[in-house]
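This structure is in structure tokens; I'll ask about it shortly.
Chains here go by letter, A, B, C and D, matching the order in which they are written, and residues are numbered from 1 within each.
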Amino acid sequence: MKEMEKETTESRHYGEFGGQYIPETLMAELDRVAQAYDHYKNDPDFLKELHDLLNNYANRPSLLYYAKQMTEDLGGAKIYLKREDLNHTGAHKINNVIGQALLAKRMGKTRLIAETGAGQHGVATATIADLFNMDCEIFMGKEDTERQKLNVYRMELLGAKVHPVTTGSMVLKDAVNATLQEWTQRIDDTFYVMGSAVGPYPFPEMVHDFQSVISKESKQQILEAEGKLPDMVVACVGGGSNAIGSFANYIDDKDVQLVGCEAAGKGVDTDQTAATIERGSVGIFHGMKSMFLQNKYGQIDKVYSISAGLDYPGVGPEHAHLAELKRAKYVGITDDEAVNAFEYIAKTEGIVAAIESCHAVAYVEKIAPKMRKDQIIICTLSGRGDKDVASIAKYRGVNIDD
Amino acid sequence: MTNLKQIFSNKKAFIPFVVADDPDFDTTVDSIVTLADNGADIVELGIPFSDPVADGPVIQDADLRAFAAGVNTDVVFDIVEKARLQTDVPIIFLTYLNIAFKYGYEKFCQKCQDLNISGLVIPDLPYEEHQELKPIANEHDIDLIPLIAPTSGERIEKIAQTATGFIYMVSSLGVTGVREDFSTQLKNTIDRIKKVTDVPVAISFGIHSPEQAEKLAAIADGVIIGSAVVKIIAQNTANTQQDLADYAKSIKDAIAVKA
Amino acid sequence: MKEMEKETTESRHYGEFGGQYIPETLMAELDRVAQAYDHYKNDPDFLKELHDLLNNYANRPSLLYYAKQMTEDLGGAKIYLKREDLNHTGAHKINNVIGQALLAKRMGKTRLIAETGAGQHGVATATIADLFNMDCEIFMGKEDTERQKLNVYRMELLGAKVHPVTTGSMVLKDAVNATLQEWTQRIDDTFYVMGSAVGPYPFPEMVHDFQSVISKESKQQILEAEGKLPDMVVACVGGGSNAIGSFANYIDDKDVQLVGCEAAGKGVDTDQTAATIERGSVGIFHGMKSMFLQNKYGQIDKVYSISAGLDYPGVGPEHAHLAELKRAKYVGITDDEAVNAFEYIAKTEGIVAAIESCHAVAYVEKIAPKMRKDQIIICTLSGRGDKDVASIAKYRGVNIDD
Amino acid sequence: MTNLKQIFSNKKAFIPFVVADDPDFDTTVDSIVTLADNGADIVELGIPFSDPVADGPVIQDADLRAFAAGVNTDVVFDIVEKARLQTDVPIIFLTYLNIAFKYGYEKFCQKCQDLNISGLVIPDLPYEEHQELKPIANEHDIDLIPLIAPTSGERIEKIAQTATGFIYMVSSLGVTGVREDFSTQLKNTIDRIKKVTDVPVAISFGIHSPEQAEKLAAIADGVIIGSAVVKIIAQNTANTQQDLADYAKSIKDAIAVKA
């Protein structure tokens, strides 16, 4: 966990981004979390338990899989897939949740709260709450609870209480609002498990650190397999947790291109988009200064993507900074491109990948043929796509209702 | 700096809160004037935000009504301009930082100064980040009014020491709303504040009845009443301005007795 | 792969069970398959490719997870879970499919056919067909295609052609019939990938061998973790593939109790059951002599279980033999018990396990408290339960339709 | 052993196939008698099985009709008993092994002997397993009639060498059904069989028209006609027995010409 120490120095801000724009009611608690994290991130005992859980519960390390069929079919760069879909609960989310929940436990908390959009982060949080014998309450936009009844039931199955949020547009951002409010009202025994690399310091840092296991492993794995670093790392970007985890250990390797794939929805230039970095502007929301989709008066936009996990009007501050520095590049991928990629990777590799992850796959399909055969791409498959099969069928006009 | 601090010098201040453009432009202008005319020492005007994380359902609903009326930052400035034709009551804005940020801090503060806005309450701008706005606000003779909560702990002194205008004291855990009981830490917190500053302390969050106002005014320098006022406006009847006037008077009376 | 050589000697029959009761049209091809398998099972090249795919595609070895919460809650034997649910595609089925498809490839076949009940084996077969660039056709009872539209779409997504079978009761056994018929009509380029440890020789042997990786790993893992063998190994039994794989490397260790959990449906003594060994009698069907649920004239029964994967009227011949020898014990677990176990393991361990696997978990719940704390149970979690959440909700009267 | 082999000695044999109890008890009795009276040399009677993997849709449907009529193994025996009052035609059973196994091989064969059943055709009992039934069948003077397919390859000689009664030659790949073209391997296969045994060879699967029957009778010792006969019975009209008689006669004539 060396990279942690390094990456976290001076990370309350990332250039002009980041910070702690959060009600005073929470500030003292945020300080406590930050201090606790500062302590535990260097605590051998904490790190041992974290690694033990990552390996023996989350099923890490995840495979770095050489996608032979895709590589041959696309006829350019060699493609490796970092298989976060093979984690317990089926996505990268668990890496972060284990870390934060472990910190909560060390801080003496007995109750976890979290926001969720489609339910992935809620399920991951409910899962770890079981493992740690903690109470768990999940806040989810009412519209999302209705679209995702199955995931609501799944969370309840795992023993979590799910609160439908009826304020605002009743989707993910409103769930974040509600979770923050809940935290305001009860901090003594409660820890807010943030679902992505967003929010006020120290959340973006923690999430960065806990997810950086992705690139820590992939770097080792690619060196073993190929004896050299990749030329490009590609990951999808919702709040940016799997992407920052995929990038972290390559940020100082200037020759490694970093590409984040945002959800362009119906198109970057339409209203139905979630391409924050391309289409958004600097703003302050959900505790951080970063890029947001917002109108000229700073009201946060409703956003759209076929992918529930990318359907967020903001992005983690470190990504905003990497974009500004041009250290990473951010591209929009439309619903159509992502759905095509979903089908493509299923047919070529036999992998049903999350529609979120397929935004990254779609970019690989575009870029790999333009690269040389001795070049290497690592693409993070952030999750599995079982959850998406029904909506892809609907998108294709196939009726799959029972 | 501004004259906000002076307002508290010889009385307990009554600071009602209204959401701008709720439910429409004229009502807000009227409400400001009514409150000013019936005892408000400062009127706190909320600039609606799409995602008011620090507000409870009553104020969230008011925001929705304002958005339905087409509110935006410029409309809010227009409301103040119109109200200024009828009243000189000190006005402060409550809004979220992104509203000011997106407008441009400089431009926003200039506009405030032009309209004789005395202060800004920004719930998502804590001490740690306030340097990004405070110098600009001060240049324009605007107080950046800091919040202090019962949970602030060691932060109390740090915040109080740099406060100007007044201190916005959050009286109970949780978001705004009408509550029946108040934190017992309240008195202690105010005592700690008073030890390091003579900037007045107004209490917000949860005040509903004249009795509550009276009780809190006894330990603080002023009371801020949000949800209870917004609820009256929400009724939106022919009697609303009269109700508002009656309610303002009852609060003013309750805290005046003790002054 | 040493155990392969050992276990497969003389396994055309298992005591009186097994054999090759199959139309003459298929016999020569079956012989070719048997001969090819006999050759390749000792071919270092084949074994190397097999292991490579198991490790780098199927995500093996699977975790042997110490279920601390369950152990503490039940207060008896130490419980370990063999986590086949963490395999790519989410169940043990892939182990076998990789093996058989690899054999098919070596035999020069270019087309895979398979039966499927709920769709698990069909999905696994379609997946591997993608990887090997082979054609894939799946036979599925029409009733099942209607109950499991989502899995049909999933197979199609993977490029497989799904044939609804309209003969007989239009469920799993009819799908087996149809696949056998299809094979009869086209053997030159086609390999029938059998989905469980059933059918004529050499299928039960092959499936045994390919699935025995489960116990090969678990034995090594438990020796590492505990320095001794388990006292009991528990697995659910549909056709018996995950169970035989879980038992294989312990069969000679006489002190290790082996327990197979059958689906008792509404109860072993009702008509709505699939508890083949407890309720069935010896018969000859689907190419093998084994135990079957049948009437006194030998007509095969309709069977029932909440679990689509256990809803089969027969069982692999090796299990019939192990039952006869009393080397393994077979117990019926009702729908109710399985659903309770589904909820139990979700709440205690944060694992949403397949309803099939939960039949084994239910037995562990019963037996662990009666065992000493120094005893050890290994329970195979044959698959993950994402596919089952909707039907469990329905079972509990919760409406989760979109 | 039995007299099955003799039947083929001076003519090409016609072996129609009927599913027992399709669509009811009396029809099957009638059908046996009609076929016997109109040229059938052997009648093959199918005992329905829940899962007839070796049969095509026409016979599967017949099985379903029989099950609807309440068929079981004892009913089939009763049908034969009733038919035996009117005809001595040689009868063989086609059924799946589990039917005989569950009845008890000994008891099943005894019953067959009592009813003068000459042979058993069991599609899911290949050479490798036939020892489990053959000795018992033989004890009861019943031939276990083996199947040979064009795909049998090296197995042909092995199977032919131990055959008694006749050999059931599967004429085309796939399950039973009416087909228009036949395997070209057919002649070769029969030649190979003839090299090692003088047991007659009857061809099944796919024969429909008298022309086809004639063509196949030229290379084999008999023809087995299943689906085409079952289809006539499936019509289930007042004319069915007459149609059956006409059809049987047409086949018998076609193969007799070449005899």
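What we mean here is this: a residue touches a chain if its C-beta (ideal position, glycine included) is under 8 Å from a C-beta of that chain, and two chains touch if they have at least 3 such contacts.
Here the structure is a predicted model, which is why all the values come from computation and not from measurement.
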Both-way neighbours, i.e. chains that touch chain C and touch chain A: none
Chain of greatest Cα-centre distance to chain B: D
Intercentroid distance (Cα basis), chain D paired with chain A, Å: 67
Chain centre separation in whole Å, for chain B relative to chain A (CA means): 37
Gap in Å, rounded to a whole number, between the CA centres of chain D and chain B: 98
Per-residue multi-chain contacts in chain D, two or more chains: none
Touching two or more other chains - residue numbers and ranges from chain A: none
Chain D to chain C touching residues, read off their complex: 49-54, 57, 60, 67, 72-74, 96-103, 123-129, 146-149, 151-155, 159, 170, 173-175
Chain D contact footprint on chain C (complex, rising order): 19-29, 31, 167-168, 173-174, 177, 180-181, 184-187, 281-287, 292, 294, 296-300
Of all residues in chain A, those that touch chain C in their complex: 56-57, 59, 63, 65-66, 69, 83, 86, 88-90, 126-131, 133, 147, 149-150, 152-154, 157-159, 342-343, 346-352, 386-387, 389-390, 392-393, 398-402
